[in-house]
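Below, subunit A partners subunit B and then partners subunit C, in two separate complexes.
Coming up: the complex of A and B.
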């Protein structure tokens, strides 16, 4: 990891730590992400440097035994959030804000130790497996104890994967098998926090149901699960809370009940619009596009598309505020 | 079953290649300005009368139509009779056999060295992308890729043989020593400079390809996932990188048999090294048609074999290739 990121991290962590060591909130709180920003330095024409902010002021938390879904359209920076938590962003990324894991700042050093053990990733697709290595061997690679082989076989058994499946190469796996192998890889290290990055992309409904069941099972065993997805319906099936992502920030965090109820129960106009766009509701999208990181609006990020917008919205980014058991980033929310 | 089919397919391809090659080279030679009778007589030109020349031509069947000539030549080839070299006055296959062993040592050494060093350089450059060592390797490779083999050979000869006197100026063995008295170390001593020339030029290609492939692999999703699982550093590159970047290196290295052959023609000429390359040049310049055609056929088999070995190794390294082959 690059040094710039390290120093930035520890510096900002220290300041937050001083403020909040006494007031450690919920002991069940496994992961707390506060005011996280991720930006990339890009070289534009000539020697001009561009600071491209892809995630800004992001807040989200995951408790043990809970599934939090992070829902947003593609290009909203969801995967980068996962990479930032794991500390595997590219070296030209700059990270500010705090990430706390089990009440302690998640520094670069701790990330290194925790990656693949305490915190693990369920990747999007079988492309995340080495194409030239047998899958059993790959799962063994992530286990760093001596009985790797035995453990791998146990985990495979748990996910109904035969001994022979371990001898297959990734390209030989069926869609359902591939999902199970990916989940097996993530849980084999005994992780307490599992980040599932788009676990159900374009899969057969049966496979989707199976994958979601696996995530639910992990949460029931006490793991915290962060499920990153653009599939609201999948999220609504298993999540306890849903965080809605828009243009690199969270605009609303709401308990699942509010999503099931829909409409007025939701807080942010974007969330409402998302909910309305679902096929079983109005199936109507709202006009406009999510802004790209190169031209973000100066005020509220959703302001250009919002029907509630006022002159005030254009001036200042709204802060995240608690509202009716959830959180919202909108000055007009009720 | 599948591998039997595979072998049969490859054999058929080789056969058709050789037939096509025979036809094309026969037409080329037939239309070249080389007069086989004159090439055969050589310096005795003045002492051979017009009638005698016609008799030779008739005896060889040169008066018959080209198709008939081709059939009789091809028939002989099929029976393993490549004819007699006009320069060396021994059967073509004997000449090729002798020359080939000399060349094989030269090409083999150059091939191994360039393969190993090229691969290592590529890996080092790729792992240190953008750093000084990467830029140095890239600069070196690009410069070499633009360097003609014979020119580099001349430079090396000038520096190491003429100025420094470390190596012999040419030839495969010392002058004035009976061939049965030549020691192995003397042969190796004569081999070093031409082999060095060939391998210095050979590393460029493989190093640049390996570097690029390593960069691609390092940016791949599976490396990201491996890092997410706590793997890092050299272990990561060793476990997931090497196998994945081996493929282009292997393919390139075995496909380079042809370039190696071409390069050795030039290097052997510069160093007066008595290999197959030099024999090719001699056969061409002095109109030794049987030898020339023999070399063409043998070198085609040589290059084909190289590609075949590359294919087989790739399918062992990458199981996807084998699967793809089976499904075709």
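Coming up: the complex of A and C.
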């Protein structure tokens, strides 16, 4: 396993080096997001401006050949992170902190260059395709080289889509085919970093398995994959690490083994609660809700729902600390 | 109480059928899963059972009588996308109270805060909205609930929160429930029996006589 991974890394590094002579700080780290905050400026009443901070102090990294799953409750900022990396946030969004891609800051200009080519998004559903255009043509449109048609056919072949499938409209595709078309679109530009936004919900088990296999295959070829999901089960099948989001921040980053060992090895109380709420475990929820961005607690964001809380938790937001091969944002974690 | 489909067939277009000759029955106090691949007609079957669509053939009966759908429908459906099943131009209070004056205790049990009632649907998250959709479906007159991928879009804790209340009430009021879902673990946890629509349609090429005859459909044997 280990040797296989190193060979993967060296392979992808070689290709990166070939294309650019830039020096890389840590070549294994494809994407590093550090202290990212995203806030929206809204008008509350009349001309009164409101700064709504939806992501704060978020840290996550993706290496080449690695799948990082991002799990967390709905509204915890998972999709916004993807949009921030791709640079497709709405104009009233303000982004602070750093995003580094291949060792260099990912500026707006670089985002424009890489978006859809090296960094690509596998969107959530078939709704993201143009409903009035044949899917083959749509994939061709995303390819910016001359031999678009040929390349599209190659990509379709790779994902077991027949020639005729390219002549279909999105509404004629079955759920599984639609997923394959979306993956084909994403990889046709020679992607190095793939962001998959909720790739599995509402699909039957065979299509889920197929989608996950595609992501794993891409990772094995040296791509970095960021899989945004709330399906912990799916994440456990293929991911190398899992980052857990809560109310716009990372509360834990854990290697996948910790999830497989029955939840005992998990560091943050929220992650444990998430684990216990799965139908195959206790199926028992914890009380309370994720706080809304307008009404965040002053200290630890999870404090109001936490069974480990002490007076100290209310004072200060805990920093991310390294613990047992992972990271956690909790002062009580052991 | 018994919700029964007698030899029903349905298709959206003339000359094409989504399913044909389907018969099944769900009793009060029973939790039945309806599974099958995407696109095999689970949601359509659910809609026919709940009365959103009229079957082209056969009939749907509630306690041996055709469901009249006068007033509050005793067969209630909860959909996968809560944001698509509420009127975006109605305050949530109006939406929830449209069918019946929702009682406070139920709202409290579902974890709905009083302040949310005055909001517009776009000011609520998916999990919050789905709680309202669950609340409006659970009137005292409800006898059967059809949950179509009710919690697929939600995270594990919210899922567990909603299921806890729903299962409690189903048991307490002895309602019948049909769950449309792909999640094997969830089905295994809460369902009494499973109907695999796809297998039923394939094995008998649309000539199924009675789903009831094979109550423990194929998926159950796979799970165990």
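FYI, the second predicted complex is superposed on the first by the 307 of 334 C-alpha atoms of A that agree within 3 Å, B and C clash if a C-alpha of one lies under 4 Å from a C-alpha of the other, contacts with A are read in each partner's own complex, and residues count from 1 in each chain.
FYI, contacts are C-beta pairs under 8 Å (C-beta built on N, C-alpha and C of every residue); 3 or more make two chains touch, one makes a residue touch a chain.
Bear in mind that the values here come from a model prediction, so they are computed numbers and not experimental data.
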Considering only touches as defined above, state whether A:75 meets subunit B (first), subunit C (second), both or neither.
-> second
Between subunit B (first) and subunit C (second), which, if any, makes contact with A:175: first, second, both or neither?
-> second
Applying the touch criterion given at the start, work out whether A:242 contacts subunit B, subunit C, both or neither, answering first, second, both or neither.
-> neither
Partner chain(s) touched by A:277 [first = subunit B, second = subunit C, both, neither] | second
Which holds for A:130: it touches subunit B only (first), subunit C only (second), both, or neither?
-> first
Touching partner for A:184 - first (subunit B), second (subunit C), both, neither = neither
Can A:67 be said to touch subunit B (first), subunit C (second), both, or neither?
-> neither
A:207 contacts which: subunit B (first), subunit C (second), both, neither?
-> second
Doubly contacted subunit A residues - partners subunit C and subunit B | none
In the complex, subunit B residues that touch subunit A = 220-222, 224-232, 239-240, 243-244, 317-320, 323
Using the touch definition up top, name the residues of subunit A that touch subunit B in the complex.
-> 83, 86, 88, 112, 115-117, 120-121, 123-125, 127-133, 141-142, 144, 169, 171-172, 185, 189
Interfacial residue positions of subunit A with respect to subunit C in the complex | 71-75, 174-176, 201-208, 230, 232-233, 273-275, 277-280, 283-287, 289
Subunit C - residues contacting subunit A, complex | 35-39, 80, 111, 125-128, 149, 152-161, 163-164, 182-186, 188-190
